[in-house]
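Next come two complexes built around subunit A: one with subunit B, the other with subunit C.
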Partner chain A sequence: MKPLLNQRELEKRKGLGSGRKARFSGFSLSLGGSGAVAYLFLLPSLIFLTVFTLWPIVSAILTSFHARRGRNQVFVGLQNYERVFSDPLSQQVIKNTAAYVTAGLILSVIGGLLLAILMNQGLRNIGFFRFPFLATIGLPMVSVASIWLFLYSPRVGLFNELLGSVGLPRSNWLSNPDLALSGLFVVYIWKQIGYFALFYLAALQSLPGDVLEAATLDGVTFWQKLRHIIWPLVSPTTYFVSTIAVLNSLQQVDHVFVLTQGGPNNASNLALYYVYEQGFKWFNTGVAAAMTVVLLAVLLTMAMLQFVFLERRVHYN
Partner chain B sequence: MNSQKRRWRQILPILSLAVFGLIWLVPLFWTLAAAFVPTTELLNGSPLVWLQSLHFGAFEEAWSAAPFPRFYLNTVIWVFGLLAIQLVTISLAGFALARLDFRGKDQIFFLFLTQLMVPATVLILPNYQTLVSLGWLDSYQGMMAPYIASAFGAFLMRQAFKQVPKELEEAARSDGASWLQVLWHVFLPVTRAPLIAFSIVSITYHWNEFLWPLLITSSVETRPLTVGLALLVQSSEIGAQWDQLSAGTLIVAAPVLILIALVQKQFTNSFLSSGIK
Partner chain C sequence: MLKKYAVLALVLLLCVTLFGGGALAQEPITLQFYYPVGVAGPLAQAIDGYVAEFNALNEDIQVEPIFTGGYSENMARATAAILSGQPPDVAILLGIDIYTLIQLEGIIPLDDYIASEEGLDIDDFFEAFMANNIADDQVWSIPWQRSTPILYYNKDAFAEVGLDPDTPPANWDELVEFGKQLVVQDGDNVTRWGVEVPTSFWIFANFAIQAGRHIGSLGDDPCGVYLDTPEAIEALAFLRRLQEEGVMPDGAVAWGTAPADFIAGASAMIYHSTGSLSTLLANSPFEVGTAFMPAGEAGYGANVGGGNYYIMKDIDKERQDAAWEFIRWMVRPEQIGQWGIDSGYVAPRAAAWEVDPLMSYAEDVPQASTARFQLEYAVKEFPATYGGQEIQVITTQAIEAVNTGELSPEDALAVAQERANDVLTQNGCELE
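The block that comes next holds the complex of A and B.
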């Protein structure tokens, strides 16, 4: 998103929209009818954007003010929102989601950067070492969750086998309310950390090599190098990774289906799973819509923050 | 002394990456072992015993426990059908945004931007209701509908088209070529890289997608692999036939793993470009 916006801003400043440029280039006659062509080219996208991106936002807001009474939908004002924010179950869901997203944000940045530094060795066969982290990105979350269901299994799981072999007590990982959410989180990080590392890797590789080289030769410790050289230099990437880390973790739901179904006792229930349960299991479409709107509000706030940040960057550059 | 220290400085990161990578692979190895070794031998025997008791039975069982061939077909139809449609919509939209002049460009640009900010996963409830009123439940077009317009793809193509020299376009135009011909003969042949990048991201994303197909599909004729696997896991969880489950997991994941192993570099670059999604 970043480069696109940047470029757009620059165009505006220079007054050089591609079309406008074309108009001055002496081909104004042949470009006379390009407006109609443009709409025709955009039509398929516009139809589907309107019906499946714009309309659902409006529709979710409308539905969130209604509730089912018998066979009718009646207007209930803010009742669904009251429920979303005051009901113990949904409070638990919001708490879980906030914890999940925050932990995801921190680990994506720190873990992603450290992994990228490890991956950024000038080794010829480095691809071989990167494969494990790439493979997990591409795997379906449903397969990944099935793999971990087996690892977590109380009777035959690998973790309990390992614990048992060193004489430690076995645990029922996913049925323990204190561990279930962390259990989901570990699966998510295992799958996704390589994705975030990729962005840092690209950033590290675009740094001038002699900067990192020089720091190594001067006998600087790794920590100093990380803190004073790498961290400031990759800060645009950190900002970017933070945004997609939040977006990413907010959308995680497949592993909830396979591993815990939100249990035990909603200890691992996340916002999107709550939308699914309320909307498609209990048919409380109003409540599900209200939670959808809350999620939309979070996403739009993030987009706004990003926009403000970009404006600043454009000014400074 | 000093050179020895320096050598350690070089070896240590590679060593830790290797160790870390091996640990990362444990769940995959365990699944692989579980699919080929009967569960009792897997738990009680040593790796030597595992090698002696290798069998392929679990794959046959998994393959027949659920209609996997049909699920495969469904996934291929919905993923590649969608990709074909997307390649058309993003090329057309990207071209208009990059090369054509028209009124309301800013508003239309903003509409695309909205889709970047609001992922379809969040809109499952209202989109489901739309599909109900369209009568598109349990259909391929229903699964595809929210993704047919792709802001990510349109912007990716817009960026690529902007870099095509103006002279090429003007030459073709003055020869009397229509805009569609210009797009097809001049622009698309030189923008294969972004088209491939988009394809890799789209295929991986939708091959792996679960929640939306789960909600939309209700029959064997439309269900994709991911939904089939989740149902298999749920149905056998109590019986816990782990060898069968592991085999099923590998059946679903194998094509993706092979694809990544084959085109690792391309895959990496494609996912980097997906960051703008």
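The block that comes next holds the complex of A and C.
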């Protein structure tokens, strides 16, 4: 009997290393040569990931090759993609979205950084100045948009009242095709800029004070400091912020609902709102799925580009 | 002894089973009833009130009213429910959605119910209000909240600028002329506009009819859209002219803004659904006049609108029967007359106007009859086509493009026609 026990003891001691048996708080499991236990513990997340992420992606891709005829889905090949790329409406939506995302990216980075520098001044009661910018982060987009709806209102809105009081012509902000998209964008950036500034603020506060102090003593101007010291040192944050900014601006749709519903004449229609209209208002599920797949592809490509190019230039301490 | 107990037990068991079965049979049918509210005012309370009354009168049928938002949200919810195989039992949906609903295999024709002993005198319903309810020679829905747009005007404002409060504009030129007189300016700022025409396919269609040709089909054709005709272009050019002459505000006018502006005195005239009548009468601090929409070159013209009762397909026969009983109760002359009073919608059947409460109301409130008499010039509503929800939006966007000065009427309508043709083709229409 003794040799046998020793044999077992030996195996136990080999434990995880041998990959055949593992010991978890008092009980052991047979492993069959691979990380079965690991998979067991991963299973709950895997199930959720499959059901709520992987399957919808596969399903969207499948749906994008079909069109609804009454209750049935008919295979139509690439027809939906053709529509997404050649239809004047979707072209306008893509154009709107591209402009929106580009402006969002640039303003989130530059505006966020400048705002953070302002908020990082060693003023007394700085919290008082920080609060209004950071408070907008916590507000729901729907409430923000509802407030701005009044600000933009052509008759009683704040902007027109101000313009009128100094004798400037009033404007119908959201029903002007040239202004509607910018109107949405201003609301978005007003709400989100504090969020991006917060990341920069954290980065600025961890900057090496001695370097900046030395620069100041050497008579370096603010812009030189910004260009040659701060900007390179916060580049990891810039990388992070630019990724989040792109995702964020593509995801916001609440204010489109509240303020313009994509109008007038689709001047402020954005990709996600287009997907909603096609998919859930008119039940053109195929077109909605095709646009979704295109969006997904764009996002993946952008994430990869940012990873490959920006990552290399990012300076990590 | 034992045998006796056994028999007793059996009898007891039988009683329980019978009783239990009896209780099951008495379980009422609960109908899901989707309804939208498309105009201003507390109409949801009115409908919930009627349903509560019906429920109190019926033990075996209980109706659960589900408010689903505006017309398009309502249709989106109904479509999703039909596609998922879990439709409501009965729903108020737009008359123009008939072909979409048939294409979805979502609804049943009602001819058998109408002809049955517990039927309905369908000829009592006004012809214009039945135009959108018939396809393939079958009746698919029963009129409920039916309307036409009418012209509302502020009689006090008319008197104030020296116009006769009892002579509303009769044609397009008078509309411009009266409108100009009614505009009030404070420096460069207009504090009262002459007229507001909501930027909507449904209002625009009337102008096209007045110009001589409807933008939709008049018959049983789910593929008829005529947006790029000279008449439609003329109609849209007229809407632009109202702005160029300074009678109507620049830009788009939202559907919900017009009644609010009218009540606030910010617009002296508006085009709106007759369904807004009660709200406007109750809330305007001045005398409200109602009139036919002013005539164009081809005279008066209107396209009808509004919602009907539909019964859904994928439900048990007994639920469909129960839904029919509910509909029949709701469209009784007294009931639908009351609804006309509560809302302002045109009671869609002649009998409702010959009994109280509507008969005496119509005598007291002459405004309530304007839309009814305008029915003489009314035709089928646009866009009763496949993909109608999308074509509604496409048409409204063309009007937006013109009202904001982005495109000329010709260009805007050419684009809209092309986009509408795409939608129709996608839905299996063969267009020349």
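One rule holds for everything that comes next: the second predicted complex is superposed on the first by the 258 of 317 C-alpha atoms of A that agree within 3 Å, B and C clash if a C-alpha of one lies under 4 Å from a C-alpha of the other, contacts with A are read in each partner's own complex, and residues count from 1 in each chain.
Everything below uses one rule, namely that contacts are C-beta pairs under 8 Å (C-beta built on N, C-alpha and C of every residue); 3 or more make two chains touch, one makes a residue touch a chain.
What you see is a predicted model, and the numbers here were worked out from it, not measured in a lab.
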Touched partner set for A:280, first subunit B, second subunit C, both or neither: both
Which partner, subunit B or subunit C, touches more subunit A residues: B
Touching partner for A:299 - first (subunit B), second (subunit C), both, neither: first
Which of subunit B and subunit C A:221 touches, first, second, both or neither: neither
First (subunit B), second (subunit C), both or neither touched by A:86: neither
First, second, both or neither for A:70, with subunit B first and subunit C second: second
Contact residues common to both interfaces of subunit A (with subunit B and with subunit C): 155, 280
Contact set on subunit C toward subunit A in their complex: 72, 76, 79-80, 82-83, 103-105, 188-189, 249-252, 266, 387, 389-390, 393, 397-398, 400-401, 403-404, 406-407, 415, 419, 422, 426-428
Complex interface listing, subunit A residues touching subunit B: 1-4, 7-8, 17-23, 25, 27, 30-31, 34-35, 37-39, 41-42, 44-57, 59-60, 63, 115, 117-119, 121, 123, 127, 129-143, 146-151, 153, 155-156, 158, 161, 190, 195, 198-199, 202, 216, 240, 244, 247, 250-251, 253-254, 257-258, 272, 275-276, 279-280, 285, 288-289, 292, 295-296, 299-300, 302-303
Residue ranges of subunit B in contact with subunit A within the complex: 9, 13-14, 16-18, 20-22, 24-28, 30-31, 34, 39, 42-43, 88-90, 92-93, 95-103, 105, 108-109, 111-112, 114-130, 145-146, 148-151, 154-155, 158-159, 162, 166, 170, 173-174, 179, 204, 207-208, 210-211, 214-215, 225-226, 229-230, 233-234, 237, 240, 242, 245-246, 248-249, 252-253, 256-257, 259-261, 264-265, 267-268, 271-272, 275-276
Subunit C-touching residues of subunit A, taken from the complex the two chains share: 67, 69-71, 87-89, 154-155, 164, 169-170, 172, 175-177, 263-267, 277, 280-284
